[in-house]
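Heads up, there are several structures right after this.
One chain, chain A, appears in both complexes that follow, with chain B as partner in the first and chain C in the second.
Now for the complex of A and B:
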């Protein structure tokens, strides 16, 4: 879901570069509290993993594909602030080295995928981990639902940006409907992959899963 | 599993995804590109032949000529190799930049002695 140059006009693109920079500055400030010797290498791995899975486009409809944004995976494994920075790092590498996602559009892309999508996903993760069963199934369901919502919210970010500064005269309703429809399907694909990834990590090293540390600290085991 | 083993295993899986599995990715436009093409008609070479759509306004990337542009390595004609190597380069670069940034930002544990 990388916006190319020219789709959104210059002034709106510039405003979103400022918004993205401010958002990332807050993330850096808050991430410092979370980052320690344990989390830092894990966060590097999460960023690299997101780069890899963003290369893997999966067909969701005839002629339409989608790839993971990785926000849900990131917030569950390394928390909201570091997670947003992981996605932003990937977007910057893609734009600066792989010519993917316009340089002019970098603020739009960071706002949608690194900030809005991850924020929505994290709010749901924080809610669902408290109310769903404290099992790997509960964790998987959390990842799935948060992914669908996170991806659709990121897609709606684009719709808002298009409404503010789209360079073509097209029906906003039609664009919103197309974006919501395809990204719900992409969100389900993302959710299935995110769920299997976080459940795998939770089985191998549950102590490395940020969301489990934050919301399911020390589950009490009653001996039979 | 030791943490070091976990990180190395994770990195190897990641390299495999970007270096090999990436070649089996779908080439269809993604959700946003699909929306951007809606309203236009295209010929066999994927050029716009009529209509109105967002893709008409699309401008070239400023760095379209860079050595790893569009997930290929410039000068390598074998598509499988080109995509795979660019993926491996991207993973290592992201791990180095991300990991380095997070390592610098991390909270230093106060010395346990004394």
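Now for the complex of A and C:
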């Protein structure tokens, strides 16, 4: 869902750069508390993992790509603040070095994928981990559902930005339908990858899963 | 990870990373805010890119081959004139939307110039230098720290994935069909864990040798001369934009 340069006009891009900077500033401030010896290398690995899965790209609209986002995996493994920073870091490296996503659209991309998508995913994870059964199945279902919702919310962020400052005349309804449709599919694929990764990690090293530390004091039940 | 870096010795390679990042950033901003009707300004920007490419000793063919990264974006831009709204013109028997044609030109021109500028930066600066450049541009330490680990882990992940694939193949198992998705899923999870534990050991080793969250920097701050040289790119671009807007 990287937006290229020139898809959204200058003023709206500038506003979203300000929004993204403010959001990231909050994340940096809160992440300092979270980032300990266990989380620092994990954050790097999560970012590398997201970087790798985001290489699978498909085109959805002119100048807008669709791909796995990895935000849900990040919030479950490293928490909301560091998770958002992981996604933002990936986007920054892609824009600077790989020319993927425009440099002036970086505010839009960070707002959609690093802030909106991860925030929606984290709220759902926080809710679902409390109500779903305390098993690996419950954890997997949480990752799956949060992934689908997180990805679609991030896609809707683009639709809002396009309505505010799109440079071409395409009908908004068609864009919203295209983005929602493809991103629901992307969300399901992403959810399956996130669920299998999180469940494997939770079985072997439950101490590494931030969401389990935060919401479940007692260790997860693993069927023998 | 260093595939985009072109190991040469040139004046552009020797510039400090922070001045190059700032120049590319400002240049892209000028390109994007230029109104799409100013064709002469865009031609001027292309000339500026060429003027940087030559002393950087980056072959034009190398740059153009790698700029195909943006082809998917451009391919869909072709659809805009066909499905766009508003006034239409006839061209070779096709009815094309004028607004769509401008829209497509806008995406292709600004996208291509941005990609070329970013590729030039990547070709003349190593990842390590880029990170220390961001560091000196006051990028928060948490972000540069995640970035440092990310770049190390990408190689660890790729190498581990290759080892696991070879191990599977050696056992005459090649999961590639949909009904073997479980093997793939388990593979992704264990790849993640293996890489983490490998990286965790490296991180603890770094900590025990005095790592505090930032990599020690050898080079000092960029001299004013370098800022002056690299500011020529965005300043020239801005000059062209103003000149193109002022001329009828």
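Here is the rule we go by: the second predicted complex is superposed on the first by the 208 of 224 C-alpha atoms of A that agree within 3 Å, B and C clash if a C-alpha of one lies under 4 Å from a C-alpha of the other, contacts with A are read in each partner's own complex, and residues count from 1 in each chain.
Keep this in mind: a residue touches a chain if its C-beta (ideal position, glycine included) is under 8 Å from a C-beta of that chain, and two chains touch if they have at least 3 such contacts.
Everything numeric in this text was worked out from a predicted model, so none of it was measured.
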Looking at the superposed three-chain arrangement on chain A, would you call chain B and chain C a clash or a fit? clash
Please indicate which partner A:85 is in contact with in the superposed arrangement: first for chain B, second for chain C, both, or neither. both
Return first, second, both or neither, reflecting whether A:13 touches chain B, chain C, both chains, or no partner chain. second
Tell me which partner A:193 touches in the superposition: chain B (first), chain C (second), both or neither. second
Scan A:102 for contacts with chain B and chain C and give back first, second, both or neither. both
After superposing on the shared chain, does chain C or chain B touch more chain A residues? B
For A:43, select first, second, both or neither according to whether it touches chain B, chain C, the two together, or no partner. both
Which of the two partners, first being chain B and second being chain C, lies in contact with A:5: first, second, both, or neither? both
Can you check which stretch of chain C gets into chain B in the overlay, out of 113-121, 167-175, 221-229 or 239-247? 113-121
Residues on chain A touched by both chain B and chain C 4-7, 28, 31-32, 35, 37, 40-45, 47-49, 51-52, 57, 59, 63, 65, 82, 85-86, 89-90, 93, 95-100, 102-104, 167-170, 204-205, 208
Would you mind writing out the residues of chain C in touch with chain A in their complex? 4, 21, 24-25, 28-29, 31-33, 36, 67, 69-70, 72-73, 75-77, 79-80, 83-86, 99-100, 103-104, 106-107, 109-111, 113-115, 118-119, 121-122, 127, 130, 140, 142-143, 145-154, 156-158, 181, 185-186, 188-190, 192-193, 195-196, 199-200, 202-204, 207, 213
Which of the residues in chain A end up touching chain C in this complex? 4-7, 10, 13, 24, 28, 31-32, 35, 37, 40-45, 47-49, 51-52, 57, 59, 61-63, 65, 82, 85-86, 88-90, 92-93, 95-100, 102-104, 167-170, 192-193, 196-197, 199-201, 204-205, 208
Which chain A residues qualify as touching chain B in the complex? 1-7, 28, 31-33, 35-53, 55-60, 63-67, 82, 85-86, 89-90, 93-100, 102-104, 155, 158, 162, 166-170, 174-175, 178-179, 182-183, 186, 204-205, 208
Contact residues on chain B for chain A in the complex? 1, 3, 6-7, 10-11, 13-15, 17-18, 21-22, 25-32, 34-36, 38-39, 52-54, 56-64, 66, 68-71, 86-87, 90-103, 105-107, 109
